[in-house]
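Letters A, B, C and D mark the chains as written, and numbering starts fresh at 1 in each.
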């Protein structure tokens, strides 16, 4: 191996960890966010970070197919989905601020607890991880759990969906940076699913609006056991 | 089965058929004496039977064949019963055919027939009577059976003749259990023969009558048969009581000499028994029908107690 | 391998065709034809596997072994019968004006798409593709559940979508973890996602990672299997979707999700060689048997009722696989088979019953046997079969499961039995009142296709009395693999 | 073709029934074919089976393995003395019932007749398989099929809600019972996991597991036999079913439960624990007493018979318990005597109870009434049924010289040996059971008199009864067959008893307990004649002779005419059917004496009532002691789980979230 690569390796490692930290930060920011538009922007930012981290991994490990997946991320998570979401919001003229079931500070506290759990769980994995990025799995897991929490606490359809997508981000991050990306077929498949899922969400928004003339999912509590 | 057994059997049967009404007559006479009445003639029962046999039969419109057949069946049952009881000798032909349990079954058969006959015409009194009869029956039967059980636990057998044989042979061992059994037996036989504390054979007062209520619709020869059967029943019971509790004198063989001796003892014992019955009837008062179950329940419990006493005191352990 | 390609391709093509012509009068026939072809291809495949044993295809991305071959055959069969059933059913729905022809097109095309995704999920060798196929199946069925666009159906679909989406996401994380663990083993990383390779190297995989992975897997795919407490979407989706969809949902989808869990279990057992996965599955299984049996007794919606019963049976199967061992796994596979046959048959009958009564409310469905004996008896016999009455096959598998439980886990037996007893008491009373009594239901406009019902019940009956040797041979091999 | 073994023939007869049933489905609309051809054929088949079973009693045990069933566990069949005896019972009884059924169905029912035919014959087939099965799986399949087919027969008239309720209750309790049986098999198969009965015979785990297995079997078979407190389905299901079916259920199906209990208790577990026997005695006593007291107060004739079936099952259980105790103390001779009584009572009950149920069927058929308060005087309209029913009534009242008495006699005889039991308290306690049995028998007499008297005697209580018609020819034939069975079983018990010997050998390992030597064909005598003896034939001849003699004598000497007049009745002017005792009135003393048994609601009219009405409902207290509480518990459970499903998606997400976190933490820690 040439020293340059090693150097860049170490550097790449640091960069990746930086990205990971930013991911987690953004996760918290989304959890705390009250305004829907900035929620979307944060989601876009997260996508961008994901893209950079993927590129870095691709560069440091010289895996060409990771560039592809980076491209996918860029086009899908940074450009396409935010755009669709913006249009949807304009179309559906959703109220701009987001109501949460749980109030923000509590949510944050729970989130921190979650991060602790996630790290604790991921510890053995990161220990035996031969790759340069140690903590990334833990952080990815933390992101996933945070988005999960967000899905629970948000009472509107759109934020819930954004949280869902953020969860996908976390998974992607785990897939690309913890393991050097999955086989191409899988990544394509996943991307496709996300895309279709998004479209279906879009359809649903309109339907739900039609039926309940609001996107508040608290209207959808009819089917239950008495 | 030897020749003497056959003879003894026939003698017993005939004797029972002939003497049964006499016993009833004797009881009535004693009662009359005890109640300071002038007694009817001793043979009054025979006269009544004769008169009834001669009389025309009046059948209710909707009387079924069962109604007409019942008297014969009842009579047959009673005759057979009194034939089975070892009155004179324990060496009888019919003895092995039916043991104590079958004997009780025989009485039950007769009772069922008369109860059904009572319901057949469908009058208010008939069904009332048969209900009461069955009520008394289902309490009296087990009591009687338990009396037999005590005896047969003593003698390790349920066949009447071997019971009586054992009881005659074991001279003068006092069985406390038999005392209980005897009391129970007396109570049962009072109830079974429609005697005073439970029923009154001489009344037709609607509220109290049991036996009479069932046979209200009978007349003529049918009534005669039933009355005769009733007297046979009394006779059989008395002989049974005697055979179980004061058995001495009943011969194990069937030789003519023994039979004569046995017959004479038997007559004396029957006379005494009849007097005792009359005495009881005079001294006790007719009880309400609802009290009858308690009376018989007591009898039943006494009988069971007798059995337990036997198991406690008299068995080897 | 050509058969395998056929099996996967035919539904895809049919779906494409129906996407264009699904609203036509003859669309239903195309649907049936496509399913029939799939069934034939699956039969060919089965024959091939019987003759030459397991096979790989498309550079090992797909494979067929005893474990999935009969599931493929079963899926194709139930898909075919369901398409036969849905022809008159959907026609009636259409006549009642519940569905526009556009929706009909969506239905037909999505139905085939769903079949395709199932078959892919069953036959793929790549756990990543397995995940993709499961997600795709979810998306397809979401559209199917929401077909009527009534508020209830939308709500049900939304819940289904969100809950299963989240669940599936967990499963993806598990998949990534397995892949991550595999990378530690394989120097050459291609094939690190192929189940066969993982199976070959299963003992060398890192235990801690795999245990975590299995947790994610069972939570993820368990959501789709309907394990308590992840089951909440299931009754809603069953009740609000069109009946053919309910039939394939509980008949097939649950099986496939469970199949995914079983595949992971094999790897995890290999890596840990403890009973960790088994215990986890047994725990979920018991919970999933007991809780739904209590839901049953106060149900008012008939399809919901049977949805809960499906949950219960999935719990039973999970418990069986959790116990492990030859007999239990055998019983589990058998139970998967008979349950999907019986339950889809029941849903066929229930669907027409609901159409006759014009409602799904149990108390308003009465006297089916008087009005239409075939439907009534189908419902009655099907329910008795699902309640574990001999001589139907469900009893056979329950017999094996219970006896194994008595042998190895005596403490679990009374729990199972109480649950089954309660389920019997609460379900049979309702079914009896639906089938018997003075009719309140009206006859159908088009005469129903009840061949599927009695075909399924007949198969279940045969399985109850006699299991064909080659089938039992498959089951044995599969059971040996599952361990 | 190679010669077929006996068991093959038995199997074939069983399958012929099935074939007849299926034929019935295909000929569904040919009423006459089904009723006049298929059912009689079935009856003939029953006869053949009965004969085969008799041969089986005398020949060696035979086994057979069918190529169906589980992969590891094909159907094992076995024809030994015990199963042969019960197969004989099945064949002999069902012959009468089938021929009766042939004449029973109306044209109006022909719509469902094909299905009925199938179910009826499937019922028969499954019962014979229950008796043949030699492994747990085959037994369970046959057992549940039996329950299922009989359930559909019971709910034939499913338009009426109460019949649906009855069927539901029946199947539910049957299912619970079968689960218990399954568990007991599981315990006996134990660690071997081998479910053939041969393997279970080797089951030799600790006393605890044996006892558990036995108790589970007791619960399971008790649920089918109607042993307290699992009897509640019986008085509901029997009236609901068509009469041939109730006859079959009460006469034969209950006996299959007894068979199962014998098979498990004696053959598989070869019981040696005396307190099992005591337990059986206690439940048996409770069942018998409860059954007879309740049957005495019933106002519906089929419910009355159903409760009386409970009573008889109780007696049979008593016999079994006594056998067990004797066997446990190694007194095999007495044990086999008691077992003879038990089996003989099974046979007797099969005959007289199906006879009675069929006669109620004819009454129902002719009048459409089941309520005792609306019947009466039918002996005039339907003499055949009445006189044949009288035989059944006398038999079931346990009166000599009919069959009911024989088994009672044997039972009491065997109780007389209990003082020999080498156990301090038992030998005091057991004779008291004999007293109770005597009481029960006498009460049965009361009940039967009430039944016959109210239904067939007296004046009709309704006008329409005048149009009642007698049973059809085929039905009469069926009744006749069963009545003849009652008489023959009563008159020549020795034959049957000597046939029972192989069963004794099988279950007790000791036969020849009764002095039933061919030269001593006349007398039924346990051990030796002086001990006790009973000769039904002499007895019978005695009664007949006496009757004839008295009748002839009276005819000869007093041939006075009989005149028809209005009934006298102490000179009451007018007599209406309303003035006779109703069935409530008849059973009033029982209600009074045994009042603690009942849960009753009464409402007496006040003296100033314009339209006085009297209401007295007697309910089974076990509903309130056992069943309603259980239902309540389940109800609470449903409320709890319903609380989990509140339709809120956030909550649902929270569930999975919590599950995930918990599992992760657990796995990690």
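Methods note: contacts are C-beta pairs under 8 Å (C-beta built on N, C-alpha and C of every residue); 3 or more make two chains touch, one makes a residue touch a chain.
Just so we're clear, the structure is a prediction, and the values are computed from it rather than from any experiment.
Participant: So which chains count as neighbours of both chain B and chain D?
Facilitator: Of all the chains present, none is in contact with both chain B and chain D.
Participant: Rounded to a whole Å, what is the gap between the Cα centroids of chain C and chain D?
Facilitator: Going by mean C-alpha positions, chain C sits 44 Å from chain D.
Participant: Based only on mean CA positions, could you tell me how far chain A sits from chain B in angstrom?
Facilitator: The separation of the two C-alpha centroids amounts to 103 Å.
Participant: Can you check how far apart chain B and chain C are, centre to centre, with Cα atoms defining each centre and the answer in Å?
Facilitator: The answer is 79 Å.
Participant: Please report how many Å separate the Cα centroid of chain A from that of chain D, as a whole number.
Facilitator: Chain centres of chain A and chain D, defined by C-alpha means, are spaced 71 Å apart.
Participant: What residues in chain A touch two or more of the other chains?
Facilitator: Within chain A, residues 121, 124, 148, 151, 217, 220-223, 225-226 contact more than one other chain.
Participant: By the touch rule stated above, which residues of chain D touch at least two different other chains?
Facilitator: Expected reply: 641-642, 645, 649, 653, 660, 664, 667-668.
Participant: What are all the chain pairs that meet the touch criterion?
Facilitator: A-C, A-D, B-D, C-D
Participant: Help me check something: in the complex, which residues belonging to chain D touch chain A?
Facilitator: 641-642, 645-650, 653-654, 657, 660-661, 664-665, 667-668
Participant: Quick check: in the complex, which residue numbers of chain A touch chain C?
Facilitator: 121, 124-125, 128-130, 137, 140-141, 144, 148, 151, 157, 160, 164, 167-168, 171, 174-175, 178-180, 182-183, 185-186, 189-190, 192-193, 196-197, 200-201, 204, 207-208, 211-212, 217, 220-223, 225-226
Participant: Would you tell me which residues of chain A are touching chain D in their complex?
Facilitator: The touching residues are 101, 114, 117, 120-121, 124, 145, 148-149, 151-153, 155, 217-218, 220-226.
Participant: Within their complex, state which residues of chain D touch chain B.
Facilitator: 376-377, 379-380, 390, 394, 397-400, 405, 408-409, 412-413, 416, 419, 427-428, 431-432, 434-435, 438-439, 441-443, 445-446, 448-450, 452-454, 457-459, 523, 525, 529-535, 538-539, 542-547, 550-551, 554, 557-558, 560-570, 572, 575, 577, 579-581, 585-586, 588-589, 592-593
Participant: Under the stated contact criterion, what part of chain C meets chain D in this complex?
Facilitator: Residues 158-159, 162-163, 166-167, 170, 211-212, 215-216, 218-219, 223, 229-230, 232-233, 235, 276, 280, 291, 294-295, 297-298, 327, 369-370, 384, 387, 389-391, 395-396, 399-400, 402-404, 406-407, 413, 417, 420-422, 424-426, 428-429, 432-433, 436-438, 464-467, 469, 472, 476 of chain C touch chain D in their complex.
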